[in-house]
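What follows is a pair of complexes built around subunit A, which joins subunit B in one and subunit C in the other.
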Partner chain A sequence: MRTWRWRDRLVLAGAWIAGLGLCTIAAAIVLYMGYRGVQYLRPGLIFESPQVSQSQAGSGGFLDPLEGTALLALIGITIALPLALCAAVWIVEYGRPSWLARVVESSIEVVAGTPDIVIAIFGLAIFQMSLLAPFSVRASGGGVFGRSFIAAGAMMSLIALPPLFVATRNGLQSTPVHMREAAFALGKTRIATIRRVLLPGVRSDIATGVTLGVSRIIGDTAIILLLLGGTARLEPQGSVPIFNLLRGTGSTLTSYVYGNSPAGEGLAPQKAYAAAVVLLAFVLGLNLLVDFIGRRQASASGLAVGSAIV
Partner chain B sequence: MLDRLRRPWPDDRAERTLGAVSLLIFVCVVAMVVFVALRAWPIFAHNGLSWLLPGGDLHGQITNMVNAPANPPPAVYHLRAWPLIYGTLLSGVIAVALGLGIALLASIFIVEFAPASLRRITIPTIRLLASVPSVIYGLIGILVLVPFIGNHVISASEKASVQTLVQLNGTGVLVSVVILTVMITPIMVALICEALSSVPVSWREGAMALGVNRLRAMLAVTVPAARPAIVAAAVLAGARALGEAVMIQMVSGSVFFSPKPTDGVVFFFEPLRTLASTIIDYNDGVGAPALRSALYAFALLLLFAALTLSVGGYLVKLPLRKYQTRG
Partner chain C sequence: MSFDKTLLNPKRTPLAESSWVTPDSGCRHTNGAEQHPLPNAFWTHADEQRPGVPSTAPGPIATEPNVPPVRTIVLDRTPTPVRPVGERVAVRPVHSPGGPERLRLEEVSISYGQKHAVKSVSLSIHQGEVLALIGPSGCGKTSLLRTLNRLTELTPSAARNGRILLDGEDVDELEDTKLRARVAMVFQQPNPFPMSIFDNVAFALREQSRKRPGRRELQPLVIDALERAGLYEEVREDLDGPALRLSGGQQQRLCIARAIAPRPEVLLMDEPCSALDPISTNTIEQLIGELRRELAVVIVTHNLAQARRVADKVAFMYLGDLVEYGTTEQVFGEPRATRTRDYVRGTFG
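Here is the complex of A and B:
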């Protein structure tokens, strides 16, 4: 190191600063939000519904946004999981004709690369068709509102689809061929092999995919702002028990944070911070869960993980 | 019917069913392009492609659209959206340029220089940075960075210098670009790290055996070999940057204004507006036909840019296939 030229030393110093700097930023964000959490987060906030009030003391908590976040994650994953599993199984195990498999794989890449705001406004175009009016409210003028939990959840499934698909596909691809051959030798059909051998084998990959998908869904704001109607509380529409909730409007943690920040209407930074801390805690937890699943999988299969990166 | 489903499936039917479900995804992508294009059509019909150009008062045009009656006269559709495209490109390009430098250095650090213990912390930490929701970035931006810059960094004389045109309160180019850089750098770090570590170590060792130091070996051998992946990482991060809506909407000031580089330092404090953030700003107005058409035109442009960039990213990565065996 002592014989290095000063330019090399400068670049090396830059590399250290860049690497450690990014870590510092991440740590600073987590610590700062943690500090704000200690300051503003009260257990009561989690169990109270939002109230309309001028002061931050009277505006209630974020029970409804929490429920909204959970509901959307549930809807999104429920739609995305079968789609992603079918696509991954079909592409890896059948994949005929191959150009069609390529087309499906490329479309998932396109979905992954599409900005969420475009997906959101696409959802608005879909759910404002009069054909889909039952899934949201019809406005007094006769136009379809197009904003509901179903609309937002359907678009959220597009957000969750790529990570789910990629995780499942990679799992299937790394399943050794001899496991399939052994199943075929026992007289199992292809589909039986998939159901009884392959899918149980890639369960942890699917779990990773679901975790990544949920963390994408709960962190997304653009789709919520355009498609969930922007009411602070869950507003069921109609009288059918569960369906009325699904076609109603509401809010999530992200839209609650947005709405209470100076960018939204309500000037309640304390509430925004408190909800953001909860949101960040969820995301952190899901991150840890992914790591945990990955590590358990690596030790269970007895394989050394080649590259720990990414 | 139920009985048929319960029995073990014949293979060919399973294959057809799975294939059909998979094709739904393709149908969905086609529907997305078609729907957005159809809704954007009136803008193209009235302006041709010249709505991408500068000229005219964009604020006035959008206000006309908001206030137009249900059946607007053709003049309402007049649109020249260059300021938004400029704002999108400005924030995106600066953020990618800054982020690429940082990401390259950070990746070299992670792959070659970081001690094993440090690497174990660095990788998950940077991944965490990538998964922080954009609304949290926006919140920190608008409640911490914007007031700080508005109160302590911008001087009174700088505020006075552009007072007649725009108010400087801290929102604008600087905060947008800084946060955008923080948001897209982790994506690049992940992709570049993967590429750098897939180049066989023996190549680097060969260079070092010839007497080059570790850094030079990295820069002269490994980085050029991974160049396609580095370009692809920049392209994909660029796609993310162009489409970022919520964070930019929160910290950019959301004013129809094009920051002018000729303003000197003040340029960094001037507000801007991007295509994506405009959709958020005006999403309540989709009932107005002209405005709806304009918003879908912005979305179509973003979709087109994202498609182009992902195809571009795929194409530049093709030459890397030959290193796929890990050494």
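Here is the complex of A and C:
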């Protein structure tokens, strides 16, 4: 018994060390980035567009990257949400034939496991097809350049889709069967059951998925570098009001950090730190939101807050 | 109070009902203070205080400081007194008025793959009566119940033979959604939707069309359904509160309200009280007695005493066969089949 206890203690100590070590690493990242970023961060940066300048002082702020980040998250989620919901509903509520359901699930796993740089270069190949030319910037010679918010957003939806799908699927799977039976017994169709009972019931799971998806989108760099055109400012293309923005190029916080860091052009490392800390704050905020939604759901388990479906 | 309507029903002869009281479903109250000074049938209101009988019975022993209080197990010691067990017969007609036939089962068989759950059952279910399906577990009574609104079709392996006629129409020729609105169902586990009380009932009433009736149009119907389920008084302040915050018995009555809101012709109940406490059970049994007037009720129950209390007709099933079908008095009093006699006397099951 003694040896067992000794081993037990060792494992326990290992677990403690691992846990505390991870806490330390997380704290180090946040504190260091906070220290480096906050000293350069001033409110004006958020409201100024980037300027082309050789000096760090004259290079403006990162308003455009912020807008670009928000726009991309919006596009990505707008595309991913209906796809993920439909796929999850189909898998859980229909799922026949079962081999097809398995294929769909593994496909989504493949998408989830694909490195974002691979998704990015695949997107470039797709959006450079002349068929899709209207959706992206044209090079001056007339060739399809294949870079735009639409191109990046479409590929970003693939980044956001797996977490959204998984969250919705798990929510639906944990919805008890008797909830469905109750709706069917009231003479409701499958669609009405899904729309009025099941999806409202998994709203918090969907919210979790959306938040996870958004945080993955705003943290992604590879797709931006390949597909967003690499202009520091939003550069609308054409004259149609909103579409020109979507067709145009721009940047996000991640590409801004990359561009201004020593790895990129390295012209404004202070701005890079400031933007990095803003990015970090966003992602941490979103993770806290996920946590909050999950917690609220757990505390209300079985006592889910009623929803007005009128 | 909706009980009034029952008692004003001219078809009923309240005094004769006390003669129906059987030894075990009758007065259970053994302590003297609870003894009823008047015949049961005079009691019309469930929540009416009986004169001279306190709803809580603080015996003289309970007031003495050193003696631990004697706990008398009295059902109506709750804040909202319900009719004691012995009086529940007051809402029960002597015999079913024999309303029109609602459902007719002709040679209905159900099988799951190779397993035959129900074998060639023929039955007839009338409005105004409660049919109890009794029998040991696995005898096919729930399968039979669930096939009446074609809910078995959701089980891929289930197959059904024979005909089921709802008011003369073959249920297979009805659209399943229409059928299920006419043949409503209440399940064993209370299963309200995670939405507000109002929406739970309103959900049943809304058509699946693009034009959905608004809250103003639905409100009277929802309130009416809640009243018929005997729940409205308890939830009138909180119609927009979440349904899942109700107690188990209230949830089950909400499910009943939801089921009867579209005015179905038949109400199927799959052990509706097995997850509930005795007081809620009593309330729901009362409710079944009242609902019977406007629809046919089929109830599956494991609880023989309950079948005896609520049912007009009893069908005893064993291993998929319908062994015996008759009035409650006959099936429990003088069963024809040996199997039935053994079951109702508790020899097996």
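A few points about this structure:
Definition applied: the second predicted complex is superposed on the first by the 285 of 310 C-alpha atoms of A that agree within 3 Å, B and C clash if a C-alpha of one lies under 4 Å from a C-alpha of the other, contacts with A are read in each partner's own complex, and residues count from 1 in each chain.
Following the convention adopted for this analysis, a residue touches a chain if its C-beta (ideal position, glycine included) is under 8 Å from a C-beta of that chain, and two chains touch if they have at least 3 such contacts.
Computed from a prediction, not measured in an experiment: that's the story for all the values here.
When the two structures are aligned on the shared chain, A:A192 is found in touch with subunit B and with subunit C. By the document's definition of touching, neither partner reaches A:L10: not subunit B, not subunit C.
In the superposition on chain A, contact of A:M179 is made with subunit C only, not with subunit B.
Once chain A of one complex is fitted onto chain A of the other, the partner contacts of A:G201 are limited to subunit C, with no touch recorded for subunit B.
Once the two complexes are laid over each other on the shared chain, residue contacts for A:V240 go to neither subunit B nor subunit C.
Once chain A of one complex is fitted onto chain A of the other, the partner contacts of A:V111 are limited to subunit B, with no touch recorded for subunit C. In the superposition on chain A, A:A263 makes contact with subunit B only, while subunit C stays out of contact range. Once the two complexes are laid over each other on the shared chain, residue contacts for A:D220 go to subunit B alone; subunit C is not touched.
Of the residues of subunit A, those at positions 189, 191-192, 306-310 touch subunit B in one of the two structures and subunit C in the other. Listed in rising order, the residues of subunit A touching subunit B in the complex are 3-4, 8, 11-12, 14-23, 25-27, 29-30, 32-33, 82-83, 86-87, 89-91, 94, 96, 100, 103-104, 107-122, 124-126, 128, 143, 158, 161, 189-192, 194, 215, 218-222, 225-226, 254, 257-258, 261-263, 269, 272-273, 276, 279-280, 283-284, 286-287, 291, 306-310. For subunit A in complex with subunit C, the residues that touch the partner chain are 176, 178-179, 181-189, 191-192, 196-197, 200-201, 302-310. Taken together, the subunit B residues at the contact with subunit A in this complex read 8-11, 14-15, 17-19, 21-26, 28-29, 31-32, 35-36, 38-39, 102-103, 105-106, 108-111, 113-114, 119-129, 131-136, 138-140, 142-144, 182, 185-186, 189-191, 193-194, 197-198, 213, 215-216, 219, 236, 239-240, 242-246, 249-250, 276, 279-280, 283, 286-287, 295-296, 299, 302-303, 306-307, 309-310, 314, 326.
Subunit C contributes residues 149, 151, 154, 176-182, 184-185, 187, 189, 191-197, 199, 202-204, 208, 214-215, 240-245, 255, 258-259, 262 to its touches with subunit A in the complex.
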